[in-house]
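In what comes next, chain A is part of two complexes: it sits with chain B in the first one and with chain C in the second one.
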Partner chain A sequence: MANKVFHVMYDDDQKLLDAAKALVAQGIRVKDVFSPFPVHGLDPVIGVKRTRLAIASFMYATTGTLLATLGTWYFMVSDWDWNIGGKPNFTWIENAPAFVPVMFEFSVFCGAHGMAITYLLRNGTLPGMPASNPDPRTTDDKFVMEIVTEQNESMSASDIEAKIRATDVYELSIKDY
Partner chain B sequence: MAHDNKMHFELPSKVKTTAYVLMVIGLVAAALGWFADKTDHHQYWWANLLINGFFFFAVALGALFFYALQYAAEVAWSAQLKRIFEAMYSYIPIGLGVIVVVLLMGQFHVHHLYHWMDSEVYNPESPAYDEIIAGKRPYLSAWFFWLRVAVYGAVFIYFARLFRKWSLQEDEVGGTEIHYRFYKKSAVFLVFFAVFSSTLAWDWLMSIDVHWFSTMYGWYVFSGMWVSTMIFATLLVIWLKGRGYLSTVNDSHIHDLGKWMFAVSMLWSYLWFCQYMLIWYSDIPEEVTYFKERYDHYMGGMWAVFFVNFAVPFYALMARDAKRNFKYLTRVGVIIFIGHFADLYMAVVPGTIHGHLEWGFGEGHHTTFVGWFEAGMFVGFLGLFILTVLGTLSKARLVPAKHPFLDESEHHSI
Partner chain C sequence: MIKEASIRQPLILGHKTYHDITNDIVSPIEGKAPKQWKIAITIAAIIALYGIGNIMYLVANGIGSWGLNKTVGWAWDITNFVWWVGIGHAGTLISAVLLLFRQRWRMAINRSAEAMTIFAVIMAALFPVFHMGRVWLAYWTLPLPNQFGSLWPNFNSALMWDVFAISTYFSVSLVFWYIGLIPDFATIRDRMVKPRWKKFYSILSFGWSGRAKHWTRFEEVSLVLAGIATPLVFSVHSIVSMDFATSVIPGWHATIFPPYFVSGAIFSGFAMVLTLLLIMRKTMRLEAYIHMKHIEYMNIVIIVTGSIVGVAYLTELFISWYSGVEYESYAFINRFSGPYSWSYWMMMTCNVISPQLFWFKKIRTSLVATFILSIVVNIGMWFERFVIIVTSIHRDYTPGAWGEFHPSTIDIGMFIGTIGIFFTLFLLFARYFPVLALNELKTILKVSGESYKKEDNKKH
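So, the complex of A and B:
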């Protein structure tokens, strides 16, 4: 028997959320959901693990802080001790307050850019990457739930289809793959 | 409603007794401190009264500000918590009373916290003549100063009473008419608050170091006030939940309160550091006096306060799980709450005593730090504050009955 993939489309996020709850309650595993915006409360229902993006962002930001510390020390003190406004930079620590703004900004810069790039890479949505959503309308106002028979081997394809049709479906496409 | 029996908060007699015990401890500490304090005019004693008077007044005023902010910004998640803030701002008249006592005693020269209240400094013939203070006379003259005190008091008490009255009315009549009135009046209040939160900080705190001025001072005091408010509100909500109240307040609400604690702590750190760095960088004599005083005698205390109030919330409250763990949030909250009290201590004491930080009561012009005295006064006022807040809380439904955003607030999920 060929593996089948169900692309279940909904036209409202609340309908999608209710359907996901109903299907999961009947023992169906949802592989993924494609949505134009984050749907609150969906992740725990379909068993998506908590994102580690925040931890990554913290690490990028800390890297930024360290680089900025190193940079201010090298440019302002070690390489050539600048004298700005009568404050000679003989040591880093004596002038630390002056370096805090750049350390702060560079931490934000690294944290934000690192997080954005990681997010786009992880989702495969960097500019120029091929689209992986099954239907272009999921970037507009439709929501698609992807269910594969491979992950639901205890049920027959027709059984799954019947359960899907019992929810408030807008469109359903079934394909072999 | 399934939880109707828990809709009315009843003040447990045990808590009441504890609050009274705290107040008695405060009175005893104040009485013993008065006799033990050998500074001129009992300056140190009065400084501590000002710190406690202002600190708890600020927590209450911050609650009124946050309450108005919720209406002006049409915030829904906090709708269930509005009674918490109402209870907190019911302390405003009492807090204001304590401050007025301190100010009046200054005006009658019982103490000398405010050097500029001495009329000799304006007299060019007098040896005490001070040109810098004389230049500030139009702003600091007694009639204008007391007019401002009266206006602050009138405005804050007027809005606090009005909001409370409308809130209780809404419980009866429902609808959206009162809500829209709230929306407009809150915006009006915020305009007053924007000006007064700065000027009252100049009048009551910045004027202690009267030769000095900083345009960031008002915001620095305001952010410290706001973060203390958010901490107290969070702790109160967690405590009430632990006693089985507020069952419809979920993790997401606590998470949001935790975010406020975190965010406003960062606002405070930002303002503290901006004020410090600009003054440090330009290094102009008229500006550095404030930090010179603290550098010479309170170096350790000043930096300790900054790092506790910045680094503790920054690292301890950054993670999502931290803001959803009630016990953890409580512990961190207590640390920063005390941290902000210590911050106010650092703002008031160096300028009033001009001495060295020494252990035990000092004499004449010597700053002191005793421990039991400061802690006793703090604990006493804490008891008074808790008793007032919980007393008001028990007088009305714990969760408003007909707030238009109530349903949305109950389904808050992040």
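So, the complex of A and C:
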């Protein structure tokens, strides 16, 4: 039997959310959802885990702080110790207040860009990538739920279809792949 | 679903569906360029070219072609720099701070405000970069290994902090703006019929498909970026103010500068956002999304920040007398009664008196009054920087070195030119980019849309 993919389209976010809840309650696994905007409350229903991007950002920012600390120490104290108007420059710590702005800015720089790059890579959204939404209307006002038979082997395709049809469907397309 | 109080005014007027939002924002991009836009961009581009010509003359002939002299060694260049950076503060403030405070009204204005921020910061950066004289050596501001031995930039210098602050601010704002644009580009891509434009938006949209996991990440990234961009906004103008505050010039050497500059920046930034949005909503028919409530909210921000600026002016004046330092008090007496007193009183009128008019609801909710006052505030904020910079240095400690500053045609040409470049970029943005965060707007339609709210009220 060929694997089948169901693209179930809804014309409203609430209808999609209700349908997702109903289908999941009946033991159907939803592979993915394509929507024009984030549908709040959907993630726990279809089993999308919380992202760890914030943690990544914190680690990038910490790296930035460390690099800036190391850099200011090397440029200003170790490699060539500057004497500006006799101000204490021969130790990093005595001069640290003057380095705070650069350390702060560099931490933000690393945290923000590191996270943004990670985000784009993890999404696979990069310049020139092809779009993978099943219907162009999903970036406008339609919501598509993707269900594949491969992930729902306990049920027959016709069984899944019947359950899908019981929800408030706008359009349904079934394809072999 | 989250419900909003019924007495709160709707943010999206009329009966809109998700599809209407897409249509309203994308159809101006799909259609032919209107005649007004062509006329506007032609004028802007001519002014921009004039500015570029002036910059080329400056690079060829050196900084001596500005009106600077040995007493006033910093004048229009730094004035324009601070003015543009200040304008560039509203965008990230709107998208970051208002996001953290969950202000839904930001969604109608954040996209264009961020675009304005980015273009304004580019304009700002032109001034210090070209002030270096040999601009091709601008990379010397970075700590790069070089053939001169142990030669590094001075990290104790406020000017060096500025290099880091402005480049971080610019690049982070750009990324923040672009990450928000990706889903909206995808919407345009999926609607475009003409193959070339489809390809264009397809490249810009990075293959965005709106998957559930991607949206989760999108919201997380927006929130975290907002969280780190908020202290960034405050730090950038604080550091700009330290260019002056860390010096020992009477009139500059003041601890009040960072908060005073930050509120001044937000003040002028919101004024510029208002100037641009009032034109944009009219010409692009966005009245349903940017309406009186949004304008009123922005005017309230202007009252608050304008009042902070006013208090700072008076505090400065008081402290200069109270300090008992005669150089310090003379700097201020000279400001309001010296040869540049006209600019001081111009600043006082535009920045302290005019925003107070917004206490009247009639003025605050009038489009014409808001438009005029927003321009007045921008003029006032330019004079604020001019007053701080030029009046503090034109009368040196030794009267023999006293002088005055007169801008040369290159000074004027470069300043006007940056306004031309700014408007050229902004007009290109308004034509080819989604001017409202349309997919974000869809998330508030059911909560703050007028027809949805009415239906909701009937039920209760």
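Please note the rule applied: the second predicted complex is superposed on the first by the 170 of 177 C-alpha atoms of A that agree within 3 Å, B and C clash if a C-alpha of one lies under 4 Å from a C-alpha of the other, contacts with A are read in each partner's own complex, and residues count from 1 in each chain.
Operating definition for what follows: a contact is a pair of C-beta atoms (placed from the backbone, for glycine too) under 8 Å apart; a residue touches a chain by one contact, two chains touch by 3 or more.
Quick caveat: nothing in here was measured; it's all calculated off a predicted structure.
J.: Could you let me know whether more residues of chain A are touched by chain B or by chain C?
T.: C
J.: Touching A:Ala166 in the superposition: chain B (first), chain C (second), both, neither?
T.: Neither partner.
J.: Which holds for A:Pro36: it touches chain B only (first), chain C only (second), both, or neither?
T.: second
J.: Per the contact definition in the header, classify A:Leu70: touching chain B only (first), chain C only (second), both, or neither.
T.: neither
J.: Could you say whether A:Ala112 touches chain B, chain C, both of them, or neither, answering first, second, both or neither?
T.: second
J.: Check the residue A:Ala131 against both partner chains and state whether it touches chain B (first), chain C (second), both, or neither.
T.: In the superposition, A:Ala131 touches chain C alone.
J.: Which partner chains sit in contact with A:Trp82 here, chain B, chain C, both or neither? Use first/second/both/neither.
T.: second
J.: Is A:Ala54 touching the first partner chain B, the second partner chain C, both, or neither of them?
T.: Touch status of A:Ala54: both partners.
J.: By the touch definition above, which chain A residues appear in both interfaces, chain B in one complex and chain C in the other?
T.: 40, 54, 87, 98, 101
J.: Quick one: which bits of chain A touch chain B in the complex? Just the residue numbers, please.
T.: On the chain A side, the touching residues are 40-41, 54, 58, 85-87, 97-98, 100-101.
J.: What does chain A use to touch chain C in their complex?
T.: Touch list, chain A to chain C: 14, 32-40, 42-43, 46, 48, 50-51, 53-54, 57, 61, 71-72, 75-76, 79-80, 82, 84, 87, 89, 95, 98-99, 101-102, 104-106, 108-109, 111-113, 115-116, 119-120, 122-133, 136-141.
J.: Show me the residue ranges of chain C that touch chain A in the complex, using the header's touch definition.
T.: Residues 1, 17-19, 22, 143, 150-156, 160-161, 164-165, 167-168, 171-172, 175-176, 179, 182-183, 186-187, 189-191, 202-203, 205-221, 223-225, 228-229, 231-232, 235, 239, 242, 439-440, 442-443.
J.: Residue numbers of chain B touching chain A in their complex, please.
T.: 273, 276-277, 280-283, 318-320, 413-414
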